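Common to both upcoming complexes is subunit A, partnered first by subunit B, then by subunit C.
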Partner chain A sequence: MSKVILRVEDLRSFFFTRKGVVKAVDGVSFYVCEGETFGLVGESACGKTVTALSILRLLPEPAGQIVGGKIFLDGTNLLELSKEEMRKYRGRMISMILQDPMTSLNPVYTVGDQIAESVRLHQGLQGEKVDEEVISALRLLKIPSPEMIMRNYPFQLSGGMRQRVVGAIAMSCHPRLLIADEPTTALDATIQAQYLTLFKDVQKQTNVAIIFITHDFGVVGNMCQRVGVMYAGKIVETATTREIFKTPKHPYTSALMDSVPRLDQKGDRLYSIKGQPPSLRDLPPGCRFFPRCPVAEDICRQKEPAEVEISEGHFVSCWKVK
Partner chain B sequence: MATTKVIDWDKVGGGIKRKSIFLEITFILPVAVLFLLVIMAIFAPLLAPYPYDQISMQDRLLPPFFMDGGTTAHLLGTDNIGRDILSRVIYGAQISLSISLIVIAITASIGTVLGILAGYLGGRTDAFLMRVTDISLSFPAILIAILMAVTIGPGYWTVVLAISMLGWAPYARLIRGEALKLRESDFVAQARIIGASPVRIMFRHIFPNVLNPLIVMVTLSVGFVILTEAALSYLGAGIPPPAASWGNMVNDGRTFIDTAWWMSLFPGIVIGLVVLAGNFLGDWLRDKMDPRLRQL
Partner chain C sequence: MTRFIIVRLLQAFVALIGISILIFLLVRASGDPTLLFRTPLSTEEDIARIRADLGLDKPMPEQYWIFIKDLAHGDLGDSIVKRRPVTDMILERLPNTLSLALSSFLVSMLLAFFLGILAATRRDGWLDNGVKFLAILGQALPGFWVAIMAILVFSVYWQIFPASGTGGFTHFVLPVATMAFFLMPGMLRLVRSSMLDVLDSEYIKMARIKGLPERVVIWKHALRNALIAPLTTAGMIFAMLITGAVITENVFAWPGIGRLSIEALVSRDFPVVQGVTLMVAVAVLLINLLVDILYAYVDPQIRYQQM
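This part shows the complex of A and B:
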């Protein structure tokens, strides 16, 4: 197994609001290896993005705060760095791709300027050397005629092309870890497939570790080697993609799998999980999933299940799994 | 046989061919007007037929040359103490234009900096700066100006200071709103992700995106500053006589408006010209600043 580049241990990120404490991320642990893609899956508001922002230490302060845990990037605990040191890590060591390519570029600068900003900030290059880096970043993302595209403004490019540019910005300083927060949600199906293939290619060339946040199991199957399934601020199951698809252990994971429409099975209605995810402000005692769980028992109501390793690399938090 | 039509590509799409900036009327006209007025201000002693303060009681209240009783010696007539209106309009450009320029430079800078700080940093900084802005907005500028005129004496710099002291508040309010909106935008998040510092984000990412409303505000301020200066002059807290500013000329003419309308009309026309030129230029600049329109 290759080297572990990121290890998150028992991360807790809360939002302190007037109405109470929102436990957006409540004890999340996982790791990502070099050259590996780790999928973070779950429904909306389960804490995927907050986990990502916590790793970058970009929670909207003062409301959002990391209250506990450790985040090791290549051996350094990011939570112990000063603000300035952390700023140097962003872009250079960790980068992130946002969801909507239409709004994540600054409308007043050319594409080249925006990539150059990151290059100048972290590599201390000047003049023509900056242009070279910009062009090589655009090439990495397979953008045609980069010398021309770099002089374009964002509005002149299509959504798919913009998202590649965002990718080029993220990869311009050769980060060790890339967080992709649903980067294909705003793209249509064909462009999405292209983009995913492109990213696999980028990863092969650079050996970057990727955390891929999505709610689409199709994308997970395509992209990720391992997956963590999040529910209400916790990772309830972690395993290789193959195992998650073949033998999902947590009732929530199986329920999610059953909610995916399939071409090879005729059925009546698509399965959906009953009820709503719990409010993160007011979590139920015991297992977070028990109010919606089809196999819940008394103990689920009373005590939170601990994480157990049921086979190598396959972790589940559920009382029913032995 | 079908006739082949030669397509004139310059005319396709409504003839939106990129024109040279010097061919655009909305650019050339206001620039020409402002340029002429600035030249007029700089070379006032050479251009003006009389000194601005030369009194001649036998020539008082002469109408402009094209009216009965008018003379070509005083092209735009004279005021109630026989001073040449044309000369005073020319000299007035010095004071009125420079005051506008200085006041706008001061107020726009202060307002923009405070607005971006308040909007981007938020929290207590925002609360504090906005309360100061509220206080500034609630004070009548005229009152402050009179107070200052009384304490440090009326004069050019008193007027500049008096208008600037409260004039930054509307800028701060406007820019703060824009910055607040931009702070939440994805491209600012993107800048944070690549490790840009807050100062850098404010300067490089927020500032260029607030330029459009800023420019509109600046062009609108030209008229406001000239008129405020006029009001102050009227109250005796402005530019003291005998110096000529367009504002105090309009006000001097007020009492004679039914008999000697030219006293107010001509300085009024130049004020109108400057304000209009400013607005046109502002529109043009705003279009140019927008990369979407720039490419057409």
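This part shows the complex of A and C:
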């Protein structure tokens, strides 16, 4: 196994609002290795993006706070860094791609400016060297005629091209870890496939570790070596992609799999999990999935299940799994 | 960019012709100027002679042609009351209005932008709340009342600043402060909300992800985007100021265009009203042109659409 680059231990990030404390991330642990893609899967509002923003320490303050846990990047606990030290990690060591390429580029600066800014800041380059780095970043993302594109403004480019530019910004300073927050959700299907292939290439060339946030199991199967399934602020199951697909253990994971529409099975309705995820403000005392779980028992209502390793690298938090 | 400016200039010129026709017609529709010269002793012949003197006996198109021809020579006619060229009267007052307008504009806009941005970046902090309170106060208190209070406190009671007229720097303090107090709040709130919108956007999040220092995020990435909306309003405020701050000029006996237009309206001095209106129209057109050019400079999307 290659070197672990990021290790998150028992991360807790809460939002303190007038209506109460929202436990958006409540004890999340996982690790990502060099050159590996780790998928973070789950419904909307289950804490995937909050986990990502916590790693960057960019929660919207003062409401959002990291209240506990450790985040080790290459051995350094990010939560112990000063604000200024953390800022220098961003963009250089860790980068992130946001969901919507139409809004994540600044409309009044050229593409080249927006990449050059990072290059100047983190690599301390000046003059022509900056342009060279900008062009090589654009090349890495296979953007055609980069010398021309760098002089364009975002509104002159298509959505797919913009998302490549966002990728080029993220990769411009050769980060060790890249967080991709549903980077293909806003793209149409053909561009999506292209973008994913492109990413695998980028990873092969740079050996960057990727956290891929998505709700799409198709994307997971295509991109990720290992997956963490999140539910209501917790990772309920972690395993290799193969195992998750073949033998999902947690009832939530199985239910998620069943709700993926399949062409080879006829049916009147698409399967969906009954009920709603619990409010993160007011969590049930036992297992979080208990109210919607088809196999729940008494103990599930009373006590939260601990995480157990059922086979090497396969972790599940469920009373029913032994 | 040059083409963009030329096109806008041509548009402004066409608008100007339209405005001149409108002013020409409206002034003539507002009443017969010869009535002002009529005395109980005037005969029909006297009236006809005055009419001929003023050129009002000629057909309308010819009158308009004369109006335009004189205008091209910078001649706006003579004041009926003062018997002096209107152009001279305006030019005499213009420096006073311009200096007052420019200084109030600069003071209020700089304050509005600075405080608005500070308030937005410290949302719901004490500074934000203080600034919001100040803004509401400035919008709620009528300008003339603030002006009178300012005179009472600073000229009558403490006698720090002169209450009226022009002269040195001290004469500017009270009128400028009053105008700024009146003009700043709206702008401040606009800048604050525009800035808040921008700060919520994904590209600001992206800028932070890139590891940029907060001052670069605010003053480079956010500010330029937040400028776009308030720019139009700033242009309109400036145009309004050029036409003379009617209330402020009157309260502080400031010999500017605002006071001139009030005097002219009260004494039904048609050529002066006509001249001032035309001057205002030209000023508004020029400022709009300037705002458009600034827009194109700030927002590349506009720049590219126009070319």
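Of note:
We adopt the following convention: the second predicted complex is superposed on the first by the 322 of 322 C-alpha atoms of A that agree within 3 Å, B and C clash if a C-alpha of one lies under 4 Å from a C-alpha of the other, contacts with A are read in each partner's own complex, and residues count from 1 in each chain.
Quick note on the criterion: a contact is a pair of C-beta atoms (placed from the backbone, for glycine too) under 8 Å apart; a residue touches a chain by one contact, two chains touch by 3 or more.
For clarity, every value in this text was computed on a predicted model and none was experimentally measured.
Placing subunit B and subunit C on a common subunit A by superposition gives a clash between them. By the touch criterion defined above, A:Gln156 reaches both subunit B and subunit C.
Once the two complexes are laid over each other on the shared chain, residue contacts for A:His122 go to subunit B and to subunit C alike.
Contacts of A:Asp100 after superposition: both subunit B and subunit C are touched. Once the two complexes are laid over each other on the shared chain, residue contacts for A:Val25 go to neither subunit B nor subunit C. With both structures placed on the common chain, the touch criterion links A:Lys88 to subunit B and to subunit C. Of 25-33, 43-51, 61-69 or 223-231, the segment of subunit C running into subunit B after the two structures are fitted on chain A is 223-231. Looking at subunit A, you'll find residues 56, 58, 87-92, 95-96, 98, 100, 103-109, 117-118, 121-122, 153, 155-156, 166, 169-170 touch subunit B in one structure and subunit C in the other. Subunit A meets subunit C in the complex at residues 56, 58, 87-92, 95-96, 98, 100, 103-110, 117-118, 121-122, 153, 155-156, 166, 169-170.
On the side of subunit B, the complex with subunit A involves touching residues 123, 185-187, 189-197, 204-205, 208-209, 289, 291-292, 295. Note for the complex: subunit C touches subunit A at residues 201-203, 205-213, 221, 224-225, 298-301, 304. Chain contact summary for the complex, subunit A toward subunit B: residues 56, 58, 62, 87-92, 95-96, 98, 100, 103-109, 117-118, 121-122, 153, 155-156, 166, 169-170, 173.
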